[in-house]
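One structure is given below, represented as structure tokens, and several questions about it will come after.
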Amino acid sequence: MCRWLAYSGEALRPSTVVLDSQHSLVAQSLRSSLGAETVNGDGFGFGWYPDDGSEPALFHSTEPAWNDRNLRELTRSIRSSLFFSHVRAATSAPVQQTNCHPFRYENWMFMHNGSIAQFHKVKRDLTFAVDPSLYPHILGTTDSEVLFHLALTFGLQDDPVAGLGAAIRHVEEVGRGHGLRFPMQSTVAVSDGSTVWAFRYSSEGRSRTLFHSADVPTLQAMYPDAERLKLFGPRARLLVSEPLNDLPGAFIEVPESTVAIVDSSGYHHRPFLPVA
Amino acid sequence: MCRWLAYSGEALRPSTVVLDSQHSLVAQSLRSSLGAETVNGDGFGFGWYPDDGSEPALFHSTEPAWNDRNLRELTRSIRSSLFFSHVRAATSAPVQQTNCHPFRYENWMFMHNGSIAQFHKVKRDLTFAVDPSLYPHILGTTDSEVLFHLALTFGLQDDPVAGLGAAIRHVEEVGRGHGLRFPMQSTVAVSDGSTVWAFRYSSEGRSRTLFHSADVPTLQAMYPDAERLKLFGPRARLLVSEPLNDLPGAFIEVPESTVAIVDSSGYHHRPFLPVA
Amino acid sequence: MCRWLAYSGEALRPSTVVLDSQHSLVAQSLRSSLGAETVNGDGFGFGWYPDDGSEPALFHSTEPAWNDRNLRELTRSIRSSLFFSHVRAATSAPVQQTNCHPFRYENWMFMHNGSIAQFHKVKRDLTFAVDPSLYPHILGTTDSEVLFHLALTFGLQDDPVAGLGAAIRHVEEVGRGHGLRFPMQSTVAVSDGSTVWAFRYSSEGRSRTLFHSADVPTLQAMYPDAERLKLFGPRARLLVSEPLNDLPGAFIEVPESTVAIVDSSGYHHRPFLPVA
Amino acid sequence: MCRWLAYSGEALRPSTVVLDSQHSLVAQSLRSSLGAETVNGDGFGFGWYPDDGSEPALFHSTEPAWNDRNLRELTRSIRSSLFFSHVRAATSAPVQQTNCHPFRYENWMFMHNGSIAQFHKVKRDLTFAVDPSLYPHILGTTDSEVLFHLALTFGLQDDPVAGLGAAIRHVEEVGRGHGLRFPMQSTVAVSDGSTVWAFRYSSEGRSRTLFHSADVPTLQAMYPDAERLKLFGPRARLLVSEPLNDLPGAFIEVPESTVAIVDSSGYHHRPFLPVA
């Protein structure tokens, strides 16, 4: 599986959270506390929206993140107000740049932690359910990228919550047709460049962890001496696979079957595909 | 497109032809005389049948062959009586190990120079036509690997000439359905570990070049002072995209619409998908 | 050897010249017209000064530039007013990120096309001559990086022209002590983040090519219909191994034994290590 | 630091111990029990002596060993009677093929787990102590490769125990001159193609772990039902950083300040640089 983070807020150097936190994403690549795997060394990705409103840019590498010099250089040299980063622990798909997250389609970015169960059994059915006009945009061979293109097929760009919901329901239907009990395991992040949606859902109801950061002004009031908190503006929000530090109250777990949303109004969440 | 060579005969160090010929395959990677592209620097592959009769082993790299140290080490340290090697000039599929030739299925190896025209348009239809049981074995994203799996679908393992012939006819039928005039361009090498089949065929009747080496005893008689020829045994045969040296008579062009076959009886060829 | 370009002027997307010119640096990586080698596929580098005045950032890759997706993404997503880019044709040093140009020391960037003759013979003497406090900053194994550290040793940061001049004289002295007639072949670019110095010099007086771009307002007046010229501001200046297009007057050769300087006053040049 | 293994004995597929043991070297790359680091994902190497008595061949990769397909292919397809393999956890030197072990000089192979303390401080002194004729053979930038070339300088080829002993004493002398209390930490393996020497030594007397395998006929008698033991011939011997399985008696710790030797007479060991 994998670890990821998504940031939205005042522009800052991505290295602040990708590299320099107590349990930064790069630290998690070598030693994750809450992940299904301890080591997430099978490549990584970093994607950011340039401030001029153009499509997101992607940097993908097959190297482990912990020793990659380019990632250090890049995340210390740019500033961004919306970016994703992901470290991968490959399940079955090969370690190659086209299998690194985040994925992109026009102004949309997508990344995933989790898996489609027994993907080799259902891959063909799921891939052929992707809209033929989207099919040529699949560049790699992961379950995650197929899930993204299914979500696009089912209307992600019009309504991300409905689109991903329908995609997951389709994955579950196909999976159950192949005799799988729990076809879907996921935390997913999606953005259109303005809003970030983060989904925590699994067929089993035992999903990978997902956290959101607390309100920064509140945190700063709680910890007036915490120098590091001064790096963040009042609108800064993180969605993360696991907390970036041990500061009590800094990261709050997102419940099961929930979509967490960060937009100009701040953070809120609501049920997503709840079990009846 | 690409350049490739296939060797069958007495066991020898593959470096003899991969690295050390006047126009070795590695030399061709940097400067090809007859190829559609001068530079074939988008990864390479080397596959060989171990002498114990087991499945072929593959070495794939995304680096240009001309500076790759591992290729030098490997081809200078083993001996093999049947091996393939391929240097790639990527058309559209990304440079990644899973897109490097040769490809393998059980005891079969396959490599390709050429392309399926407008592959992004026909990829979905062609991939759909692969037998569902073979579909999960497609690891990369090239037209070549789809062609191989189509040939397997159409019976390559029972009859390589009929199997690849039917696959190409299918590619042409699908391509023409998409309005393409010349859907297929190819020279292909296939082996089961005993026989090597090399195909030269294109829909247009203007295929990439293909050559076979002359009979070694005859060559040795023609050039009694040629020290290098003494490296080769009497059964040694090469099938190559372009000649490995300038020695008159050493390499003979294989005609259009032809399958060249090297087996225990030596070299022969016959028509393949001839224009009516 | 190699090909490189340096840009200074109004902030623009580096892709404008790295990727999108008629003979962009990436195009030259696959087919250079004037270089000592046609193919420069042994890795590449891109270095830029962020607009906040911090140290330059580096992106290095061992892949050929022509198919590298990260280079496309990065140079299309940032804007920079001073950047270097370099494509490498390895002479003897291995293809690895630490051998990719540009090199950096504090706020200085350095890149090189050319070579120190018979480097394996003189490497020990030259490396010994590097100031012991600078020695640990040598990360790779190229002649170019040793030349940079020799120039730093001889005062590059105080006076780049004198510092590099003294370094080259030292290389020549050591080389001649080893019986070499023409120890140095170079075009070098150096910057401190404000000024760019580009040197054309070889012991033989037959240096690799070096060009500077013409004054942009003059060019725009000459070619009022050239849409592409409108991408450049009035202070834009390029220093390049070979012209990026075939537009007459757009690129002007820098003479032998010359240092070309681009700073806030525009372009000028003066003699560098002239033969007596 | 790192993990390594050395095999000498009847020819076998290296995958037997590199990939397929309970705690194979590749398993250790992801999760080492006894190593200074849990993860050894910064590249790996495999070196083997071909059966024709020629120089050893090397395969080096910067990828983590656990997902590398080429390592699987290679070690499953050849057979060798003497091979080394190493997985790396980089301390300071970059992740690049030239920093992967084993290193080679003529018919000698060398690999190392451990480090020279504060290498950046002593690197210059140690490097310039290497014989000038050997200096150009240093290809990478690790402390380990410098140690190998110092040992060659001090006579490794004539007497490996004396040569490495003198090299370590020199490292200690230089290190103490720089104020270091414990300059050397090491387990080292060396071979000339016939004998394997494995050294366990550290200035502090608290060295990284080192084990040798038990006599195979004895083990087979102890565990008559152990199918896996039947893969090994009576002369098979392993020297390893940590045991490859949990079988009681299968691996025996080599004492501190000891050189373990495997040759045609079997296994024996003797003191190496013992504290007075």
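Each chain carries a letter (A, B, C and D) given by its place in the written order, and its residues are counted from 1.
What we mean here is this: a residue touches a chain if its C-beta (ideal position, glycine included) is under 8 Å from a C-beta of that chain, and two chains touch if they have at least 3 such contacts.
Note that the structure is predicted; figures quoted are calculated from it, not measured.
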Partner chains shared by chain A and chain D (touch criterion as defined above): B, C
Distance between the centres, which are taken as Cα means, of chain C and chain A, whole angstrom: 39
Multi-chain contact sites of chain B, meaning residues that touch two or more partners: 69, 94, 97
Category of the chain touch graph - line, ring, star, complete, other: complete
Residue numbers on chain C that touch chain B, as the complex places them: 30-31, 38-39, 41-42, 62-64, 67, 69, 90, 94-95
Residue ranges of chain D touching chain C (in the complex, touch as defined): 94, 96-98, 120-121, 123-124, 128, 132, 135-136, 139-141
Complex contacts: residues of chain D adjacent to chain B: 48, 50, 54, 57-61, 69-70, 73-74, 76-78, 97
